[in-house]
Each structure stands twice: as structure tokens, then as C-alpha cells.
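To start, I am sharing the structure in question, which I have written as C-alpha cells.
The first chain written gets the first letter, and so on, giving A, B, C, D, E and F; residue counts start at 1 in each chain.
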Amino acid sequence: MSALRSDTRQKLAAASVSTLTNLMLKRGFRNAYMHGVVPLTATAANMVGPAYTLRFIPSREDIDTMAGYASEQNLHRRAIEECPSGHVLVIDAGGSTRAASAGDMMAARLKARGAAGIVTDGGYRDIADIEAVGLPAFQRQNAPPATPIALHAADLNVAIGCAGVAVYPGDIVVGGRDGVIVLPANLAVEIAEEAAGVAAYEEFVAEKIHAGRSMFGLFPATDDSRREYEAWLRAKTGR
Amino acid sequence: MSALRSDTRQKLAAASVSTLTNLMLKRGFRNAYMHGVVPLTATAANMVGPAYTLRFIPSREDIDTMAGYASEQNLHRRAIEECPSGHVLVIDAGGSTRAASAGDMMAARLKARGAAGIVTDGGYRDIADIEAVGLPAFQRQNAPPATPIALHAADLNVAIGCAGVAVYPGDIVVGGRDGVIVLPANLAVEIAEEAAGVAAYEEFVAEKIHAGRSMFGLFPATDDSRREYEAWLRAKTGR
Amino acid sequence: MSALRSDTRQKLAAASVSTLTNLMLKRGFRNAYMHGVVPLTATAANMVGPAYTLRFIPSREDIDTMAGYASEQNLHRRAIEECPSGHVLVIDAGGSTRAASAGDMMAARLKARGAAGIVTDGGYRDIADIEAVGLPAFQRQNAPPATPIALHAADLNVAIGCAGVAVYPGDIVVGGRDGVIVLPANLAVEIAEEAAGVAAYEEFVAEKIHAGRSMFGLFPATDDSRREYEAWLRAKTGR
Amino acid sequence: MSALRSDTRQKLAAASVSTLTNLMLKRGFRNAYMHGVVPLTATAANMVGPAYTLRFIPSREDIDTMAGYASEQNLHRRAIEECPSGHVLVIDAGGSTRAASAGDMMAARLKARGAAGIVTDGGYRDIADIEAVGLPAFQRQNAPPATPIALHAADLNVAIGCAGVAVYPGDIVVGGRDGVIVLPANLAVEIAEEAAGVAAYEEFVAEKIHAGRSMFGLFPATDDSRREYEAWLRAKTGR
Amino acid sequence: MSALRSDTRQKLAAASVSTLTNLMLKRGFRNAYMHGVVPLTATAANMVGPAYTLRFIPSREDIDTMAGYASEQNLHRRAIEECPSGHVLVIDAGGSTRAASAGDMMAARLKARGAAGIVTDGGYRDIADIEAVGLPAFQRQNAPPATPIALHAADLNVAIGCAGVAVYPGDIVVGGRDGVIVLPANLAVEIAEEAAGVAAYEEFVAEKIHAGRSMFGLFPATDDSRREYEAWLRAKTGR
Amino acid sequence: MSALRSDTRQKLAAASVSTLTNLMLKRGFRNAYMHGVVPLTATAANMVGPAYTLRFIPSREDIDTMAGYASEQNLHRRAIEECPSGHVLVIDAGGSTRAASAGDMMAARLKARGAAGIVTDGGYRDIADIEAVGLPAFQRQNAPPATPIALHAADLNVAIGCAGVAVYPGDIVVGGRDGVIVLPANLAVEIAEEAAGVAAYEEFVAEKIHAGRSMFGLFPATDDSRREYEAWLRAKTGR
């Protein structure tokens, strides 16, 4: 499972998910954003971490009883105990919001164990309490019914689909106000570096636009605007 | 029409909708939660009350004129005047958000008459004003167009479907941050009692999880965790 | 392109979108509200302005490269530079949220140029930054992926469809907490006048309902309630 | 309940559903066609008959058991026994295809009792056997699961919505290759008469188009084309 | 992997999918039918066989190239070569019809290898050729684009979800005119036996209904109708 | 507007739409197939022709009257008279099936004028009569209501989106049993050539698979299988 350097984590936490979609497109990836998945709460910083995955399939009445759910072998519960610190638990619920992908107790335990966040293409129960716990959480729609009503945990940490995006264990998951994007593990460092530069350039552009400049010649960047930006950056950083 | 004991109302107001879905599942009910129906505003306490129902069908141009709408016989307007105090007006709009299930005037009048809240599987108009009125309100999506554009009130207080859930007059409707659940009238007292116990146990679990305990052995409860909880409860309540 | 008198603009800014759907219905228009389009942020006053339109079609890999996107001839970027002050940029994205209809830079530039707002039946990227910019913005769902992934700007300021509503350049677009409505340019003045009267009558009704009066005889208005209202209005305005 | 004159029935059986949507629009009705409802089998002649309605709501586990289903009071089964000869059974399934609106036995019994057809905004089970029975049947999508899994019969012969269209008992229901349309009972005779004239005119136009004439001046009809048509009709009928 | 006795296979091939949903409901299974999955072609006999499964996830541009697709390790192609004779290949495409779950070559090879059929909750390419091959095939909607455009084969013969139904390897899959149902392997023999009895009883009922009898007292069966049926059966079979 | 060489037309008519999606993918085009658009009737040969386009927007009650519809300036009717012989009329209905994109008279006139076919992302009226006319026609779902109920013709022969695919006037549109694909005009000749080769190779593969060969080593082609194919081809064609 991929480790994530702390400077990479910081740079991705400071990046906009939208900027990351651009940097992915530049590398030929058109399908890295999870359409329709939204944060429970707007957060100041992004959620960032390697993916630890859980795969649900539909439940079946003879297998998915509340009794079976209590077992220590239940993969849903094991996912919560085994998701490594700093990781994001990413759940393939097959898009189903008929039952909960997780609830407040699970969010609290993940938070206590140091998880970076939780993402599902289904939904959660106890929304207010998950917000109180403070674990970054992303979903499609509230889904309070008890998990066994519709979902059965079938696998831990295999490659999954989530909201139409491939997620391989260890991929770097970034979530913020705009939603969630998945970066291939081997590209995370270089994308994080490039994102930091983009953010600085966008600060420069925002200042100029605020002052009344046209977007033409500024965005996308031209050779001239690059030079102007570098001067602005030197002036600003004093280097 | 069912009355609702005030202690039952209080216990349900304190319960989580998600907890109630569990207590329903335990009794064999898998389809009591209204998928896709959300509160206009997050509220501190739940909305609780017996259901008073309104059934819409699609409107027809020769019948559903604004003139006909003004009549005192109009069932939409009668629903507002006849929904008993303490009750929740539950509206079957056939899922249509093409026209308003209600607006701010109706919400204000329901509030003045003591209604506990309003629920539709369609949507409302004058959202900001409904929020200002303070009546708990649940819907799928904003629907400002005038009611006769798409909806005709066909029945008062009959059994209806709302967002895929059966609602019989007098059923107990509970709504909160997670959405809306419908409890059969004859089960409301026992579910309210059990919910109070669940809430206390979950407070105990939350404390333990916060302190770093695993969910295994705590949730779902075991014989051991039950005993530990009872000691915790005695210590806490001094009894 | 229609100008918009400033008193008309003020009256529409004070009107409820729901009231405007009524006034449109009265004139035979049943399909002026954009279903499913919501504001990024609840705002105190409505967005009001004549429509300036942008039509997207799906992108094609050989035409819609990031390089082509940088061109000054790119209609997406020209739309931002050419949308007149006081106007609302209305975007036909064919309902697609696969890629961004606009982002924070574009919102900032529109704001700097005096645009009244932006509307799409798709979605935006950099949501938090668009909110910070303060330009009223309406969409269906977040859409951070870069525009060329799914959208190609095909036309400026032609008649379009947006969220199922016809929008002709110069139509008056009003957006608020309830969503967005489109008024034919030639009806804007008379509707604005009538809306002001409706708002006053509704204030009178709200006061009476708050005091415990039934809706019957008040809403819709009767001859009696009209007379009572006029007296109330004279008393209130001292005229 | 409306009777239906046999010449009216014949004329409507010969009319195209599309022609009937035009004649309804001419009278101000824009919402009489059931979108998404299709015939099981293409038929030579239309299904025509007054509506006899059945209203479903979602089922509930304690009420909708297979035992309860066997009761002679079960409204689903009573609908089959009570739908009058010559009528169309129209079912409001709330659009649900989670369980069967009817199956082959019910279709066979309706056929034996002389019903004109069956329509649902849900679906049927035993599709092949329903086709073998020969009762005209219209649905959205196959729905073989047993009815009590998702549906509870709540009312017989009340006003319902079906696929977004209002259906009042006795309304005249016409179904064919294009789908299903609902005519207000009081307009059926005049619409049937007018439809017969339209069909003859369209035969005239088809002949001319086949011979290479432009649609302009033929369709919609002009004064000239009307005169030409009348000559054509006299020549053809020898009158 | 479960074997399937040939008499069980024959009895299930003769059973209606709708009858099987009833026999599943009787055993507490409410969610065994694949909603929205239809046969390419109406067939005389049902498709019957144990499930061999293939799990797709969304594709990713760097992994899912046409070159990689040619590899003998490609699980999509291995599924076709490894699905045992007499089995049904059941594909979890996550409901995606953006790319083909299979095409005519694969259908031809499955047919040549003795497979019983193929099922996907996505769709196929080369529909006409699959029909010509004669392999029973069930899908949601045509999906001709090349598989790597949207799908990546991630697993062979694990538990999957398909169209909202849990499918465990070896479960017995039955498909016909009504669609597809999944029977737990351990129940297949007893359900096949019971289905044969139901079919005979339904033949008896159909004969009576055709002769004008009411459904009451016949369907569901009563003690009296059971006795009458047994006499009918003895008379018919001469035993 | 592009002409289409008759040998190119023939080769595309003989090609499978699925094969064409592969040849487009090979050239970097992932989004050329119109998802959800199906033929009214299965046809022996493909529909092939350059696109002539019609753009609809939503109708508005004051503009889209039946009277206005009769005008010779009506673009809907002009599209039928102006679509060149051999071309395919491709209609952007914004995906709306609320009203007809065309009907039998229009289909008959297009046929008489030599059009190659008609495609919409909405639907048609008079389905049976369109089939009788024999013009290849593709749609999403039947849509009999009169056009002005929901659609207004806004443009002729501009770039449009249709079912999520960009269509530029003159693009080559191919439709068959699998649905519809759009080829950029400048690629049509080379794709037609390559498709002819693919079809021959697939005939070779089908023969081998039928004889029991594995797909591995045959599909996708290898150097060995290419050589074997060439021998097979020489033997077959005697060259």
C-alpha cells in the first residue's frame, strides 16, 4: 500500500479538486472525478489520503441478518478496524442509497484510528452525528436504513468502482468543496508539485482580474503572462 | 385518528431517524424510510406527529383553473384548514416537482393551527419564507410553479404512498436531519421506549470509541458490553 | 438587446420567483421555471438581468483540445468578455455535468465586468471560489472537470434551451432562493409592476394568518379581502 | 360510469393516438398522453374503452402478506372481477416496476369478462402468457415479482394519476402502437367524429406526398388543399 | 461450483420466471429478480445454469488500452474461455452501458464451449450477430462501444451484484421472456420441484378461467380448488 | 456539405456499428455512439449518409402555436423540404420525448425526396406509419404529442448535440441494429476502407470459433492469425 509523503499530502490539501482534474486531463485521464458525490460539510482543507477500499454487493435475506452483522468476521466492520491511519476508506456501494454505507459510530471509530476520511457512492446514516465527529465524509444522498437491508460487504481492499471512477488500493484520494478525485498512486507526487505552481499562478490571475484585466492573455497562460507572473512572484516572495 | 401520548412524542423527538429504521427492521419492516426526501433546514429536535394525508393526482386543464383553486371546496386548501393540531401533513404528489405541493402561506397557516410539520415527495415554493415561518418541512426538490400547473388535490386523509412508503392516516411520522420515517400507529409506543434505551447505549459507545476502544465487542452490543453499559449507566445516573 | 429599466430591475429583485411563476401562468406560460437548477448560495436579493446566452454542444477529441481552448476565438472565453454589464450569462450545457460550464476565474471576470449573474443547466468548478467572488450563480450539480472533456462552445447569444425552458437573448432572467425563472422581454415591465402589488398583499395576508385567520377568504383574494387590504395599506402607508 | 356508443368506439379504434393528441391540444389539453407506456404487442386496431381504475400504494410487510392476498376482499382481485365489460382497467402503480400490476391469470379473467384492455404505469408478469391471452396490455417495463412485494391495492374506481396523466373513472382510454391517451368522457364523441375526418384527409395527403408533392400547402391544410381534398373524396366515394 | 441435475434443469427451463419469484418470496427472498434486464430475443425455453461471474470496474486510460486487451491474461477474455459448459456467464458492469460487456465473437465462443447463456446489467455490441449465434443473452440496453472505453475486468467468479441482485458463483440463474431471476444453489432442487406443480395447477386454472370461472376460489388455491385440481389431474394423466 | 462517394457509402452500409466504434477509438474518439437511441425496426442494411441537422429548443406558449406551425417559414417544416437527397436528418431535441420530433407525413416526404434516414434524441409519432413508409428511423422513445407542445425549431444545419454526441453538418451518420454512430467527414473514407477489412477478418474468425477454436490467438488478431487469415482469404477469393 502506498505511503504518502507529508509534503505531497500538504500540497494536495492546498490544491483545488478542479485544478487536479486539469492536471489529470493533461496526462490523458478524463474520468477521475466522482460525479454526484458531495461533501456532508464544506471544509476548510481538502481530505487527502491513500485509498483503502470496501466492496459491497446487494444483500440477500438468508445471509445478511442482523445476527451475522455482529460477527467479528463481518467485512463491513473489519473495514473500519483495518483501514490504515492516514488513509481514506472508499466504498463501492454500487450506487445504492437503499441502506447505509456507514454511520456515526463507524465514523467515530475511523476518526479515532486516524483515518483521513470516508467516501461512498451510496450514503450514510446519522448525518448530524457524522458531522459532529469531524471526519471528512462524502456521499451521494442520505441513506439511514440499516446496512443489511440492501448491502453486503464482499471484499476488502480490492480494485473497485466508485461513482463511475476506478479506485485501486493506494490510489490517492482528494476531496473538497467540489467533490472527490482519484489520482493514480505513481502520479501523486508530480501532480502535487505541479498543483502548487498552478495555485500560485491562479492567485496572480485572480488579482489581475479583480483589477479589471481581461482573461485573454492571462488564462490560459501565455509566454508574456508567464514572465509577468514570475516578476509578480519574485516581488511577492522577495526572492 | 390516533392520539400520540406526549411522552411518546418526546422520546421520538429525541431519537435518531436512523435508530428508528433499525427498530423497524427488527420488526420486519424494510421500507419505512422516504428515500430522497430532505429537510429544508437542519433542526435541533425531530418533527413528530400522526399523519394527516393529502393525495394529489396530475392536473387537467379544464378542471384545474386558478378560479377553481379559489373555491372553499378545494381539497388542497381544506387540507391546510383541517389537518389537526399536532399532526404532520403528508402529501402524495406522485413524486412530481413540476408544481408546488405547498407554499409559505400554507406553511404559515399550518403553523398557526399547531401542525407539527409538512412532508411531500414533490416540493415547495417560497422556500425562504417557509424557513422563516419555522414549520418543519421536508421535500425532494424546490417546486415553485403554481399548484394547478401539475397537481390536483383528489383526496383527504386516505392511505397514500409518499416517496415509496405507505402512509396510513394516523401513522406516526418522524423527521430529522436524516430524513423521514413512518411508524405504524400501533408500534409507536414500544418503538419510542426502545429508542430511548438505544440512545443511551449509543452515548456509552460513543464515549468508549472516543477513548480509543474498537467497535468489536461494543457494537452491536454483546452480553459483556451490556453489563459494562449498565454499570456505566448506574454510575452516571447515580441509581 | 433589451435594456432593463432600473425600477423594473428593483421590483423584480424584490419579487419572489414563486410569485413570478403565478404571474406567468396568468398570462398562459406554464413552462418558465428551470426545474432542478439551484443557487450556489442563498442570497438576500434576487439576481435580475437580460439574458446573454452561450450554447454548448458535446466536445469532440480532435476539435476540443486544451490548445484550442486557449484561442481568443474560443466562444466560451468570448462569452465571458462579451456578456454585457447588467446581463445574466445563461448557458445551455445540454444538461451535462460531465464538465464545467464555468469556473472561478470566469466568475471573477464576469463580476469585474458588471454581469448580474450566471446560470447553467450543467455545473461549475471551484464552487467555493465562485461563492467568494460573490457573483450570483445557479447550477444543477458541481462539475469540476475541465470544459473540453465534455463541452464545446458552439454559439453566442442565440435562442437556447436551459433546463427545459426556452431562453431568447434579452429575456429577463430572475433567480433567487427558489431557483430561476425566465420572463419574455416584452412582459417584464408589467409583471414587475404586478409583482410589487402581490408582495404587499402577501405581507397583509401573512400578518392576518399569523394572527390566526383562516386562508379562506384571504388567499386567493376575494372582493372583501381586497377592500380590507386596501384599508390596511392606507393605514400602513398613511395615504 | 359513461357508456360508449359503438360508433364512437369504432371511430376511435380507427384513429391514430397521435391524431388524438392533436385534437386534444386543439381543445387546450397538453397532458393526455402517457409518456413511457408501451404496448406489449403491436396490434392492428386500437384498444378503446371507458376507464375503470385501480389505485395502488406501496405495500407494508404486516398488511401485505400472501395470506391477505387470497381474501375475497382484496381490492386487486376485486378489480379484475368488477371491471365492467368493454372497459379498460387503468392502474396507478405510482410508476413502480418493483412488483407486478397484474399477471396472465388476471389478464385471462379480464378477457373472459369482456374487458377492452389493461394499462399500468408499472409492469406485468408472465408477459408471454398475457400476449397469448390476447388482451391489449400496456406497461412501462416487465415486473414479474409478486404484487405484495411492493404494491397494495388501496382503492377502486377513484380518480388516479397514471404515468403523469389524470384518469377519471369513465374517461375514454385509447391505446395503440404509439401508446395510450386519455380523453375526457364528455369530449369523446366530438373527438371521435373529428378524428374520422382527419384520417381521411391524411390518406389524401399521404397519396400526394407519395406522388412527390411538398408538404407545404398540404399539411397543415390550407383552403386550397381543403377544396382539392373534397374533390378527391367525392371522386373516391362516388358521392 | 454447483453441478445442476438435469431433471432440475429441465423443470426450471419449463417454469415461468414469475412463478419462481413467488416461490422465492415464500422462502423470504424479495430481491432475486434483475429489474430492467431483458432478453435480446424471446425464446421458447428458459435459459438455466449455474452462475459463473465476471466483475467489471470502470476503466482507466493508462491501464485499459487496446494493447492490454489483447493479452491472454485479460480477465474479460479469460472469462469467455473459462466459463464452464452448462453455466451462465453473469456480468457485473456496474450498470454501465457506456461500453460493451461482450460482443458476437464472445457469444459465439461461449456457445461453442457449451455455455447456457450470458447476462449483464450493462449491454452488448453486435446485437444482430449475437441473435444469430443463438446464445441466450440478457442486457439492459445496447452498448456497442469497445469495452476498454468504460470497463475493466477486475475479477473472475467472485460474488457480484448484477442489476441490484446478489449473485454468488454457482447460484442457479434462470432467464426467459420476463427477464432473469437468481436462485440460491441450495434451494434450486426444491424450487424446481415445486415449480413443476405450480405450472400444472396454473394450466388447470387457465382452463377454468377460459371457461368463464371467477378467479375467486381458484387463485390463490383453496382446499376445494386443490381437490378439484387433483381430480382434473388424475383424469388428465389417467393415474 | 460533404458528398459521400458511393463505394464509401456501400462499405459503411455493410459495416457493423460496433466495428465502427472500434475504428473510431483507434483514432482517439471515445464518444461517437448515441447512447439510448434505437432503430424503430431492425433493417438488413445500415442507414448511411451525411448529416443535415435541425436544432430544437423548448417551445413557448406565445410563439409556438399551431397557427405559427403552418407557416412556410417554420424551420421544422423547412428541414423536411431542404434536407438534401442521400442525407440523414439528425435532430437535437434536447433529449425531450414530451413532443414529436417528426411524424409519418414528414417521414414520407423525406423518403420521397430521397433522404437516407432520420435520427432524433427525442421520439416520433405515428410509429406504425413511419415503419410502413420504410425510411430508416432512430429514436429514444415514442413521442406522439404535437411538436409545439414542447419543441420549437430554432436552427437548420448548425453543429448540434444529439444523444450526447457532437454532430457537425456533413458528418457521416451510420445507423443499424446496434444504434447510431457519427464519423467526422474527413475520416469517412479511410474508416470505410478499414471496416471492409475488419468484416472479412471477422468472418474468418467466426468460422474458426464455430469450428471450436479459442478466441486467444484469433481475436484480437496476432501476426500468426493474420497470416492464416490471408491464406484463408486467398483460398476463398481464389486470388
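As a working rule, a contact is a pair of C-beta atoms (placed from the backbone, for glycine too) under 8 Å apart; a residue touches a chain by one contact, two chains touch by 3 or more.
These figures come from a predicted structure and were not determined experimentally.
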Field rot_deg for pair chain B/chain C, CA superposition, rounded to the nearest 5 degrees, holds 120
Whole-Å distance, C-alpha centre of chain C to that of chain F, is 37
So, in whole Å, the Cα centroid of chain D is separated from that of chain E by 32
Multi-chain touching residues of chain A, meaning two or more other chains, are 30
Touching pairs here come out as A-B, A-C, A-E, B-C, B-D, C-F, D-E, D-F, E-F
Listed in rising order, chain C residues that touch chain F in their complex are 28-31, 56-63, 94-96, 152, 154-155, 158-161, 164-167, 184
Chain A partner, complex, touching residues on chain B are 16-18, 21-22, 25-26, 30, 33, 35-36, 38, 42, 176-179, 181, 202, 205-206, 209-210, 212, 214-216, 219-220, 222
Note: in the complex, chain D contacts chain E through residues 66, 69-70, 72, 77, 80-81, 97-98, 100, 103-106, 108-109, 112, 125-129, 141-146, 148-149
